[in-house]
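What follows is chain A paired twice: with chain B in the first complex and chain C in the second.
Our next item is the complex of A and B:
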């Protein structure tokens, strides 16, 4: 749309995380099923189901990605991380059949990001997970590109609804390119109020009404 | 679980994806810092115990807390940094004087930072483009003509143009003005560019 002066820190690419990116921080907050392979003394209060002082070895608990990543070690067995359902065999078959029918926003919304992050943990299924993510992206990309280049001046919420975060960013990039091109073609030199200002005013009005 | 408060700060910014500046969450930051202090002290005493009595089974717990500390640090740094990006954008969208309701959303240090940024930008703009300097916040879109037709959207008071004439910007009045004089007012939503 307009030239935006606020440009947030972009998320990292592939297996890398970007330290300052808000998206990556929320992505690494996704919870993973883990099994502890060592005892964590004095942290029992974190595990609601038991009232022991320690978290004993063998406990199954959900941990956010950042914590699992920090504690995980390849040489020493501290914990094992299980694949979330969407990356397991069953769902992989679904993605293989037709990636376009899946609602990735509901499944994710960080389907690609989390999938790439899962490769940090040793698992025999890793090559298949990576392959499925890649094929899913290839399978869906064409439709995303088409729709973002052809929906001009219309409601796009239905198109965007089922897209994962990465796909949404691509869709938006396509849309802003389309809009800029159309403006250039029509030779518009119309000056407009900044989007930021307009949005602030909307909020102020809402505050006054309530 | 630890670090929930810190992520709440991040969510708050993430919800406003268009670059609006939410009020500085002093309370949230304080709570995160308190959690960090507690984590640090617990770790300190456990480290001493592990060292003194050779209790190596405490190490996983120490690492656990240490990871939480790092996470909190990352969230706070990202929160403050993203706010600075938003504040920098405000300089370009609103010009050098911010509306009071936005200023209320900034903490003292952020206001200080904004003033410094304003100053360095002004110094830079004075140093380029010959004698009078060059305003690089002007002409964000290439101009078609030097004068444009504008309509006032709200009462703005008196306004002086370069030849010294003073005009009154009254709601719904229409004027023919030099483009560079009104570009900022259009961006701020005071004037509207009329195309006949």
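Our next item is the complex of A and C:
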């Protein structure tokens, strides 16, 4: 049985991030291409390519998602965020044609998470981006389900190689269900005491009397 | 849930045994059992039946549906119809395994029954996968799980729930209004 002493927090996937999710923390480090709308005074040392004291308006630079989200405001135009390549028109057509051929791990690896986060930044393409992500998920679902439910006792690294992090989690869930059932069918599964009970620290009455 | 937990639940099912010992009525929290008289059939839970069987104190009468002909009918019906057909016992898989592993000598044609039940199981799981796939590809919001047994639900539960959750979240992205409302909560 797959028991852990703590419950890992799943990623938020949607526009919300889960604060305690390790996947979402890693996701927030993804770099986004941005263009500055104002001058950043005295921050020139951050931009290694120029020697000026300030970062001038209109500079193109890459920023992690967490910083871009913090700086982005609709009213005070601080910066504009451009869509990463995977979410742009060209790739959207590829996903529309056949989502199964794309190596999402190479393109992502947080394709779904980052795509949802991109909706924070105003862009006319947002509805299409959201729609493409959803359709990609649906299109790739069948293959994930079949491969995770049929690969018993074999090497799965080739199967998960091209999956996005979210899909890998799904794959693992499918595998754990299959493995548990197969183990039970072969008679290897036995009821085990829950970790919670084993680690129960409270003194028992019997121990106190002795 | 682990399959062995499902099996544990299945052990509460009643089965008929023919004891070869005599004992007065036993009063237990879960109900009264017995009295046991040699040669007279009684209904007991599977866990007790297996225990008595292992001590060679009884003979287990297989449930009515555990019969080659009936199972063949069920298998044919299962293959014919597109939806899940009603199954005679909600714990057919678990009971088959338990009884065949511990009391195969009391069940006629045990091997054939094992294969038949496995066939039925495989057909139903294939159907389940097919319906999950169409469920996802049509972006349905709810489904009826008629005639599915606990063990069948249990094998795909975590996978199905996780994927439905993800799909729901990705879909709520496409409707900006609802997502914006959520962010206002903070």
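The rule is short, and it goes like this: the second predicted complex is superposed on the first by the 183 of 210 C-alpha atoms of A that agree within 3 Å, B and C clash if a C-alpha of one lies under 4 Å from a C-alpha of the other, contacts with A are read in each partner's own complex, and residues count from 1 in each chain.
Throughout what follows, contacts are C-beta pairs under 8 Å (C-beta built on N, C-alpha and C of every residue); 3 or more make two chains touch, one makes a residue touch a chain.
What you see is a predicted model, and the numbers here were worked out from it, not measured in a lab.
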Does chain B (first) or chain C (second) touch A:66, or do both, or does neither? first
Answer with first, second, both or neither: which of chain B and chain C does A:200 touch in the superposed model? first
Report for A:116: first if it touches chain B alone, second if chain C alone, otherwise both or neither. second
Pick one for A:7: touches chain B only (first), chain C only (second), both, or neither. first
Contacts of A:33 with chain B and chain C, given as first, second, both or neither: neither
First (chain B), second (chain C), both or neither touched by A:41: first
Taking the superposition on A as described, I'd like to know which of chain B and chain C A:177 touches: first, second, both or neither. second
Do chain B and chain C land on any of the same chain A residues, and which? 189-191
Touching residues (chain side chain A, partner chain B) in the complex: 3-9, 19-23, 25-26, 29, 38-43, 46, 64, 66-67, 70-71, 78, 189-201, 203-204
Quick one: which bits of chain C touch chain A in the complex? Just the residue numbers, please. 2-5, 7-8, 97, 101, 129, 132-133, 136-137, 139, 151, 154-159, 162-163, 165-167, 169-174, 176, 179, 182-183
Across the complex, what residues on chain A touch chain C? 1, 10, 12-16, 112, 116, 119, 126-127, 130-131, 133-134, 137-138, 141-142, 145-146, 148-149, 166, 169-170, 173-174, 176-178, 180-181, 183-185, 187, 189-191
So, in the complex, the side of chain B touching chain A is made of residues 1, 3, 7, 10-11, 13-14, 17-20, 46, 57-58, 60-61, 63-64, 67-68, 70-71, 74-75, 77-78, 81-82, 85-86, 88-90, 92-94, 99, 101-102, 140-144, 148, 179, 183, 186-189, 192-193, 195
